[in-house]
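For reference, the structure is listed below as structure tokens.
When the chains are written out, they are named A, B and C in that same order, and each has its own residue count from 1.
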Amino acid sequence: MASEAVDSPPSLIPQPNGNGDRLTVDKKNQTSLENKLKPIGPKRRPYTEIHSRPLPLEVHPLPVFIPHNPLSFVRIAINLISHSFRPPSSHPTVHRGYFSTETQSIHVTNPQSIVALWEQGFWGSGSLSRTEPQWLEHEKRKRGLGESKTAWEVTQERREARRQFKLERARLERETIEQQLRQEGKLASTEQVPAEQEPVVPVKQTGAFPISDANKTKNEFGPTEDSQEDRQNRQVASSDRDPSSEEIEDQEHLQLTLEEAFFLTYGLGALEISKDEISLSSNYLFRLYSTYSNFPIPENSASHIHNLFRLQEQKYKDTLETSDVLPIAPDNPFLLKYVVYHHFRSLGWVVRDGVKFASDYLLYNRGPVFAHAQFAVMILPSYSHPYWSATPDRKEESKKKEARDWWWLHRVNRIQTQVLKTLVLVYVEVPPPWDEDLESKAFQVNIGNILKKYKVREVVMQRWTPNRNRD
Amino acid sequence: MADEDEDASLLWGNNVSEETDLSDETQDFRFLNNLTAHDTGNLSLPKRGEKDFESHATNLQHSMLEASRQAMHGVLSWTRVHGPKQHILGMYHPMSNMAFVTNPKSQHFRTVGRAKGSTQWLLPEEALFLIERGSMDCRWPVKEDEGDDGPIDTQEGVPMSLQGAYAAFLGFEGGVGGKLTQEMYTVYAGLKRSGYIVFRMGTWNYERGELQVPSLENPATKEGNWFLRLFGGIWRRLTQASTEMPAKQLYFGPVVKPGLYRSYSDIYRLLQLTPFHDRMAAPTFILPPDHTNPFRVVFDVYKTDPKFKKSACGPPDFRIAVINARETSMPTAAQLNDLFATTPYDLPKQNMQLYQKLKHGSRNVILAVVDNGIPSYIRIADSPFAEEKLYERSVHQGNKRGKGRGGRGRGKGRGRGR
Amino acid sequence: MAPVTEPFPISNVAGRYLLFDVDVISHVRRNHNICGVLIGTIPNLSQQNVFLGIPLQLMPEEARVLVEQGHAYIFDDAQAHMQGFFGMSRKDRLEFLRMMDERGQQRARDVRRKAEERSEKALREKGLLQARTEQKESEALVAEGDPGTDAGGSLFGSTPQLPANRRVADKKLAPHFITPTTSYPPLAPPSQPSTLALPEVPRQYPIYRYMQSKGYFAMPGLRFGCHYSIYPGDPLRFHSHFLTTGLGWDEEFELLDIVGGGRLGTSVKKTYLIGAEEPEKEEGEEGKVRAFSIEWAGM
């Protein structure tokens, strides 16, 4: 039973039961499941249809082979022949994005790309939404143009109702105590016990989204500033739009994390990052993302990596300073995250950021619209290679980096248990440094080889109670 | 959207996902008020009690607290008495840090102790627990004076108090089984009280367990007759992208170049780059043996079993390593590797669901992490996610169901025999 | 509850700080808002883990606060016992055995008396009077009876107990045996050592000391994901308010952990607290402890 899907009015949303029903995709129940998993609103297609492609690529399966039906032979033969003459493309569209140094993330502004990337594998988040880019829809609704409620609004309504309930309950408790105190003669009959400080009033619904003034750039949800480029891209995009569509300009863009963007570029070839109209090579992006994943960015690194761009990508001829393009440390934050991201994505999981639950990643079977994530991933770098204990300095350094305490572990595990997720610790074996000779290699990296140097080991953690396991 | 709700979960009152473990909070000793030290037959454990959030300065609250404290004091004052019928008399043996009981007749020795002739010898935790629960009357050894003739009767020894038992059995490094730490004892006693049968692992010395090499079973799938196998092979070549990739592609990317792909599985297969832990390989130790390494199995635990026999107990249901949270950090990958290497394979059943299989893992151990007297048990499992390739199970095969057996057979074949 | 003189001794057994005296346990609870963790098995309640008894394990932080403020001192219990019991003279041993024997006899008498009272009560309820002839039989049964097994009201109910024959039965009464809780007697309570040993404490000690000085109770918080679970009053009656983690003043920590703490606390209606001690500003001055609470804002 899709107890988590928000597709019914607030009063009918079922409460979770003690076992935490998991949503399992069971083929037998699929059609009934599809009916339950419809997005909000009367005219929407079921999620299984919207999200039928797990990746932003196309595949062309051969027709089904039925041994006793000679016609299927023919169909297959035709298919094979036509494909050899005119092979259909696996990459019908290559999406475009650009790297923003302010946000250390990749922005995609083309509306079709935004939709496609979200629908075909749940990549990125809307910059003005919780996850799925929904700002435009919400704006329309606010102005009376759209029909249905967004999930965000439903959640807000429920929160308000819950808050009222809590206030009422606190009031009743106070009265009981007052009564007791009066009985014991400690309180005069007219006195009252002071009420507790009320919690901060949540932001009202209407005020939460920015005023749709093209000049206003700051909003309450994030410091993302719309750059010149953003606005340009959007204007270009909106001029392509169907004139019969609404006039509201979508202020929102899709924000991809470094790992998501790199996988789309290097792994799938479905995303092209450009700067000054030049498409950046995966090689350069690898170094760029690694540099920007450190915080704070080392001095001069930013400008030197820009110089590298000019040398490598713009094919600039003169000499430029690149001495502060530092070698990528083998435990660079982007690299560690990427190794794990790539590992789980290539197994078929939808991998999303886990900061909401204080974890590195969340793993979804099919995607956030279908069910809650089953697993939460914490990445633990591991320095087992003999290189890391070869000198006492290194030994001490790696020991410090590996150290985690049990209170931390219980904290993380308890949070996951509260939201019905299982914690998976992913130990990543860090190889000895491999980028020391970067200058002699003209800053080139063999990405595939590097990824193969790392090793991943998953350890699943669960609380065990003696009471439940006795017999 | 399904997971929009998750933030809202903070607003749901009681956490339904967590079992209420009564031992998480101090319970009110007044529940024991109708019991005495002698008649404890009708103990029913309390439900989650009604506690207050803060002081109300009411007399009622104050008197309830006073009553609880008095109740607690009373119960803590109960004396350990041994009636003549059930008197187990033991004596402390300092050199080995054990206790022995001659000619025991009690049922207790079904699950503890080692026999040597007609005498039962108890490890320090076993002895301490029997004393603590009021079942054994243990005596200090008697100093031999010149005037003594012959062996001293155990009954001549001075009775050991509970405090004396703790002082004697804990912390002694030179005895059999090595040092018994407070944490080890806390875990032992807790599991015994929960009804388990607990034994010290293996040979009672510091050495770690043996490498557990997997058996050579390799469940190959039956692929049907030769014709289908041949056809399956041709079919596979037609429908799958070759996994031979030019090195340049991996160097520069993209890994998945534009081309003709028949299924998403083909694409996913190309993307697999980073090596993962191969559970089929024979395990090896990474670290040299080290008796200060706390990541080793200390206790073998068996579920309650009325027919249990010490001599033929079989493999344990659980293996426990005891960790002092204040002295030891979380394990490194190397320590985990070595710990798992000493536990046998415990594979999930074939018919389990995907999530169950992943959570179950291929090997597991329970860590009993103790923080100043409070144990927290964590089950860790070595679980290679790459064993269960999600893309082979899900419906993301486009609209193709594959030819009858061929489609499914192909998926299964890949999952096993590597 | 007998009064306790300070400073009182704290046992150091294998590096852990234990209390075996029930009066001391009640004393620290009432007077120093220290509750410790009861870790022992209660006799006859040995098949559950909800109620545990003596000994009480103190956190090193708790022991240190008590020692620092002069309320208690630490002594090596293993050493005290080895010296006391291995070197015990024959005379002392026999004296102690005799004393324990007497207690055992007294105990046996108490048990029998209780059994008599029970059967009299049963008789009165049934309103029956039985003949004396069966009394000898019943007395033999009583001598073998032991606590914890109610041999069945009906058995006693059918035979009368008459006080006149008690002296005869005394000689046949099999003694009970007692395992005392503390070793005093036969040992003398340990005296205060000349040099005060201060227990070693972890880096989160300052926040514990700070909270204890404000009157809060603390228990180890591992299961809840924090160093200490802090209560506004005795945990027997109150829920905990704070899930507290102590840090070093300059210690770096992950922002993600703050997110986690906030989430953790709010979902169980508690506040996540982090605290640290500011390094001393001047010589001899104790650093000030700062504490910060974190709650999920839920926007």
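Observations on the model:
Just so we're on the same page, a residue touches a chain if its C-beta (ideal position, glycine included) is under 8 Å from a C-beta of that chain, and two chains touch if they have at least 3 such contacts.
This one's a predicted model, so the numbers in the text were calculated from it and none came from an experiment.
When every chain is reduced to the mean of its C-alpha atoms, the one closest to the centre of the whole protein set is B. A centroid comparison over C-alpha atoms places A as the chain most distant from chain B. A separation of 27 Å divides the Cα centre of chain B from that of chain C. Work out the mean CA point of chain A and of chain B, and you get 34 Å between them.
Put simply, the C-alpha centre of chain A and that of chain C have 51 angstrom between them. Residue positions of chain C touching 2 or more other chains: 49, 221-224, 263, 267, 298.
Annotation for chain A: residues 159, 356-357, 406-408, 410, 413, 418, 466 touch two or more other chains. Within chain B, the positions touching two or more other chains are listed as 7, 9, 11, 15, 190, 194-195, 325, 369, 371, 376.
Residue ranges on chain B touching chain A, taken from their complex, read 1-9, 11-12, 15-19, 21, 56-60, 190-191, 194-196, 235, 238-239, 247, 249-264, 266-268, 271-277, 286, 303-304, 317-318, 323, 325, 329-330, 332-334, 336-337, 353-355, 358-359, 361, 366, 369, 371, 376-386, 389-392, 394-404, 406.
Listed in rising order, the residues of chain A touching chain C in the complex are 159, 200, 202-203, 355-359, 406-408, 410-415, 418, 466. On the chain C side of its complex with chain A, the touching residues are 49, 221-227, 245, 256-257, 259-261, 263-264, 267, 297-299. Residues of chain A touching chain B in their complex: 2, 4-6, 15-18, 20, 22-25, 27, 30, 39, 48, 53-55, 57-62, 64-67, 80, 83, 87-91, 130-132, 151-152, 154-155, 158-159, 162, 177, 180-181, 184, 186, 265-270, 281-283, 339, 342-349, 356-357, 365-366, 368-375, 380, 382-384, 402-410, 413, 417-420, 422, 424, 427, 429, 446-449, 451-452, 454-471. Here chain C touches chain B in the complex through residues 1, 11, 13-16, 18, 20, 22, 25-26, 29-30, 35, 37-51, 53-55, 57, 59, 77-78, 80-82, 85-88, 90, 93, 96-97, 100, 107-108, 111, 114, 144-148, 150, 174-183, 186, 202, 219-224, 232-239, 241, 263, 266-268, 296, 298, going by the rule given at the top.
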